[in-house]
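In structure tokens below, several structures.
One chain, subunit A, appears in both complexes that follow, with subunit B as partner in the first and subunit C in the second.
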Partner chain A sequence: MSARDRWLSRERLQGAGLDAALPYLLLAPSILVTLIVLVYPLWDGIRASTQFYRYGKALRDVGLENYARLWDDPQFLNSLWVTLRFVTASVAIETVLGLALALFCLHEFRGIKLLRTVLIVPMVITPVVVAIVFRLIYASDAGMLTAFSEALGGGPVQILGEPTRAFVGLVALDVWEWTPLMFLIMLAGLQSLPVEPFEAARVDGAGPWRVFIDHTLPMLRPVIAIAIVLRTIDAFGTFDQVFVLTRGGPGEATRLLSVLGYDTAFKFQQTGYAAALFLTMGLIILALALAAVRMLRRAGES
Partner chain B sequence: MKTRDLLQRRLNRRKLLKTSARLAIGSTLAVSLAAPPIVRAAGGKVIIGAFVDGGLTPFKQKIIPLAKSEAGFDIEFLEDEYGVTLEKWFADAQNNAGQYDMYLLDDPWVPQFGAADVLEDLGAGGIDASDPDWIASLIAMGYWPPRQGPRVKGFESADSKLVALPFVGDLQTLTYRNDVYTDGPPATWDDLIAKGKEGVAAGKIKYPIVFRGVSGNPIVTSWYPIFLSFGGQFFDDKWNVAFNSDAGKKAADYFVGTLKQNAPPGVVEFDSDQEGAAILGGDAGAIIQYSGNALKADDPKQTKVAGKLDFGVVPKQEKAIAQIGIFIASVPKSAPNKANTIEFLKWYVSPATQAKLAEAGSIPVRRSAFAVPKPGNRLIPVALKQLDSGAEPRPRTPDWAKVEELLGIELNKALQAGSGGAEALDAAAGKVTSYLKDAGYYK
Partner chain C sequence: MSARLLRGLVTALILMIVLLPIYWMVAASLKSNLEITQQATLYPHAPSFDNYRRLFSEKQFGDYLTNSLVVTACSVALSLVIGTLAAYAIARFHLRFNLERTVGLSLLTLRIVPPVVILIPVYLLMLQLRLLDTWLGLIITYTALNITFCVWMMESFFREIPTDLEEAAMVDGDSRFTAFRRITLPLAAPGLAATAIFAVIVTFNEFLFALVLTATPRAMTMPRGTATLIGRIDTDWASMAAAGVIGALPIVIFALLVQRHLVRGLTLGAVK
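Our next item is the complex of A and B:
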């Protein structure tokens, strides 16, 4: 083989190698970014969850002890229960209200465009601002509800100082802020439904309620399921509103997992325990999301 | 020709990739080399982090300008809401972020920062803590590990270092309505309630007392002087929980029962803004508080009852004893202007500057400064009286925030119910003991 042939052969091989490597080279930057911003923090979180921290430093490896401790910790169990109740109540009410509003706004009448716009305003306001406003409404000394009650001859209205009312007050805040999201998703779903089945049902003499039960609801089920999954995941991570409104009180009545995790990590500096708490919370959300996806798939098949 | 074209194309692509890589590396290097190095502030610059509190108003208004005009310090004063500063500063110090030269800590945070070894040794920096002009109870709070009292595990035999310096003195005192308590400050808690009820009956006030009921730090801070005045002790010298003693339980029952009945109906949700509004708005007859709202007592723009608020030593059951809670300055190891900051602190804690702080209206940290002929606030001599009468800091443990949280939740629940203070203390004692056991406090 001549020198030129050897050179050509080497170049050919290098060219082929380059061709094979090119997709990976092009993908490399995004893979690198993903590793840095997603995989490394997750790995670091998992690693931290197996460490015992004191004074902001990891002192020793404790394996899965932090995870085991969670299930003996009354504060964690209380926060898990509060979070589950909060998510269930909020998402259920938001789903029903969102669907009702979407059905109402499906009709075309004068001012409907303005109404649709106004209805989505709450969800574009910063959650912290919403929480401050609700605090000003609920405050028993100078809040709007108390002022209203006193104007009618009543006494101060106590919301934030009583466990059940504080919890209901927090749910009300979440419903006010996030029903618009459910409304928006449901409205888009309703507008995408085919009109023929509805026309046929009407021709057959079905009333609005029958049409809703037999046609609208079954056809809208996948959309409703998506909306519920999205809101559930989001509601699990609720932090700003409760942090500003109640800081988890009174007592521990509104102490969601996110607030407990925040306090554990940053206020009490138990980094390892907090990491275990947040990873457990993530697994719970993942399990719920998988269950919902399975439900979605079944709905699609039926 | 075809092969040559193909080769040419491959070569071009390879060249392109090589060139791109060279360009990327080259441009990154060029940018990093060409970029100006991070310029650390020079001259007299000092970046101070503080939480928002009325107790720092005289410092901000009078001393910062004085530091510029008299000593050439250029102070950058960064304020945050109380609830976020601890975690923000701790992260700054731990990660060597270097965003601050000085933190104005709430004093119970000193053990947390001290144990994490993120603060400069101010004694080694040349600050003299042995001067007898320092108020002993205040300067003692700047040491980690503490020079007196029990030490946490791991620090039993460590040398005490001065990691924080008292900056603005503060402690709980009584603020009362002089048109209700016409004979001067009530001497006992029972006097406070009895006279307060007369004031309510006369239509002068709506409630004899107001305090903070929010769980965690607020409710524990409000309960603490009552607990101390009933003769309570928080821990023994081996960190065993002692707050659920008979004295502690009596104090808790008195707090959630008698005091709640004589406070505004929504006191369970009250924090400093609501309790401040109640006393400055003229609704409440008395309050135990730090200086933040007390400093507003003579300003008609900030109170409806200017001239009707006086100060006194806290009422007693067994002793008239209050909680100390000072602003305490610390310098993180990551401070960008460390030398300036140490010089600023030397200037600031000098008797001459402290005298000016007292004239501006803040409680000084040097005894000599209490003797200024014209203190800027009527509270200042009362604060000295309270210091001499009895005042205690919170226990010096890095786990105080968690302890306060656990106790605060139980006290808040009892306050909601209006009874069961003793049971709340027992419940909290169990939780605190369990937590401290897990944290390695006991063998």
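Our next item is the complex of A and C:
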């Protein structure tokens, strides 16, 4: 159907008289709700980010000073660094594991239904509960690691009290929770690929590794890229799991940007500074997303 | 080693990695604190439901569950109805100044904005409206957060349904509404299901806004209540484990029941 035809058919559907007001009435509730609860707060947040607050009260207009202060603030820079390391490590591991798992599950075999059902569980469980699961694993007095270590004759295992181990522990949590999503996306992508190139390659005598490098990977690239973009955006905003698992500690070892922003706003009541922090975080995420989309488009053209 | 054996081993390994942590939480929820910290048993030697009983009798978990169910049901239903209407208008009408496209694009843009950006102002808004710590405050917030997603999903489903069918029904004397109800809505039902399921999971699990917008068992949702419990009693591992099981159970059961639609909804957006 051409654009003109579609337009004509819409015009016909639209009819006359009473019907003319209908589309506006259908759109109105959505517009109203989003204006009040999303657009107005967005504007209000931008306004708040240019104010100096003390104890939750706006005292004076400071322009862009809050934004400038961020880049001299060692706490912000530390949290940004922790967040970048967390996102890179988690997403990289999840991508490789998810792809490997999808390749493994591509051919039907007994037990695959069970496997797919079980893999849904980590990603639908409430993130707060995922954090509880991992606290019960890591706890040095009551944790699963300690229990197994003692059963094998070892001593208690310390995870959350030590900076590097706590960070690795957080990444492990994210990998446990989100590898299944990567797996599902990659599997759907693999199943949508045409069969012929693979058969041709096999007839030509290519081994499984060559087939993977020469055919699977290039054809799957768009799906992999989208999966990485989605997961990166999501991981950048991680809050619940850290809040319950480590509360950002020990020290500042796992204090992601979201946790720093929350503390700044609701513990230290520096509303304006926190608003600037959250907006900066939002802009970084947007920039990452846009850059990724552009990279994707260029990869698609070449 | 045969390929079949290897496959079996890998499957078993994956199942263990996923299930062992969950087993550990369930096992801990049936133990006493003494057994957990002193004896470090690998399974509950004297299983009891005391931890669960305490959650409901002393820790208001009944309230949290009610709050979560009410807030999730209301906000998902509201955003589905409101969002579906808008999606239908965007997919089917051509308005003056391309208004329908502008609205569609604006909603999509709002969808990309990470919710943390509006965390503080939404808190200030609810403070002004005196809606902090109420069902209504949470319902309004979650409805708005879900609408952008619902419109975007439903619009793409409506576009897949040819207009000819509706037109034919209207030529046969149906009103637009009857045509929508009899023809278009049933055809869009799978899409509606996928959208609803996704919205239910996201809303039930939401924590950040619940943390900021609620403060007492009057409105605290399940994740919020669970996190509060943990904050207060750092070493009551048994209660923590039971709270985790109760907090996870409703949504895991729901997800397993609707598994087929769920996988479709989760992967659809990425592959398309």
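Everything below uses one rule, namely that the second predicted complex is superposed on the first by the 273 of 302 C-alpha atoms of A that agree within 3 Å, B and C clash if a C-alpha of one lies under 4 Å from a C-alpha of the other, contacts with A are read in each partner's own complex, and residues count from 1 in each chain.
Throughout what follows, a residue touches a chain if its C-beta (ideal position, glycine included) is under 8 Å from a C-beta of that chain, and two chains touch if they have at least 3 such contacts.
Every value quoted in this text rests on a predicted model; they were computed, and no experiment measured them.
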item	value
Partner contacting more residues of subunit A (subunit B vs subunit C)	C
Which superposed partner A:266 touches (first subunit B, second subunit C, both, neither)	both
Touching partner for A:37 - first (subunit B), second (subunit C), both, neither	second
Which of subunit B and subunit C A:142 touches, first, second, both or neither	both
Partner chain(s) touched by A:120 [first = subunit B, second = subunit C, both, neither]	second
Partner chain in contact with A:207 - subunit B first, subunit C second, else both or neither	neither
First, second, both or neither for A:155, with subunit B first and subunit C second	first
First (subunit B), second (subunit C), both or neither touched by A:218	neither
Touched partner set for A:163, first subunit B, second subunit C, both or neither	first
Which of subunit B and subunit C A:63 touches, first, second, both or neither	neither
Subunit C-contacting residues of subunit A that also contact subunit B	11-12, 14-15, 19, 22, 139, 141-142, 266
Residues of subunit B that touch subunit A when the two form their complex	3, 6-7, 10-11, 13-14, 17, 83, 86-87, 90-91, 94, 112, 115-118, 154, 213-216, 264-270, 274, 277-278, 398-399, 401-402, 405, 409, 412-413, 416, 431, 438-440
Subunit C residues touching subunit A - in the complex, by the definition given at the top	4, 7-8, 10-11, 14-15, 17-22, 24-25, 28, 36-37, 40-42, 82-83, 85-86, 88-90, 92-95, 99-100, 103, 106-107, 110, 112-122, 124-125, 140-141, 143-145, 147-148, 151, 163-164, 166-167, 170, 176, 201, 204-205, 207-208, 211-212, 222-223, 226-227, 230, 235, 237, 240-241, 243-244, 247-248, 251-252, 255-256, 259, 262-263, 266-267, 270-271
Contacting residues of subunit A [partner subunit C, same complex]	6-7, 9-15, 19, 22-24, 26-27, 29-31, 33-34, 36-42, 44-45, 48, 101, 104, 109, 111-112, 114-122, 124-129, 132-137, 139, 141-142, 144, 146-148, 150-151, 176, 180-181, 184-185, 187-189, 192, 223, 226-227, 230, 233, 236-237, 239-240, 243-244, 258, 261-262, 265-266, 271, 274-275, 278-279, 281-282, 285-286, 289
Of all residues in subunit A, those that touch subunit B in their complex	8, 11-12, 14-15, 18-19, 22, 25, 54-57, 69, 74, 139-142, 155-156, 158, 160-163, 247-252, 263, 266-269
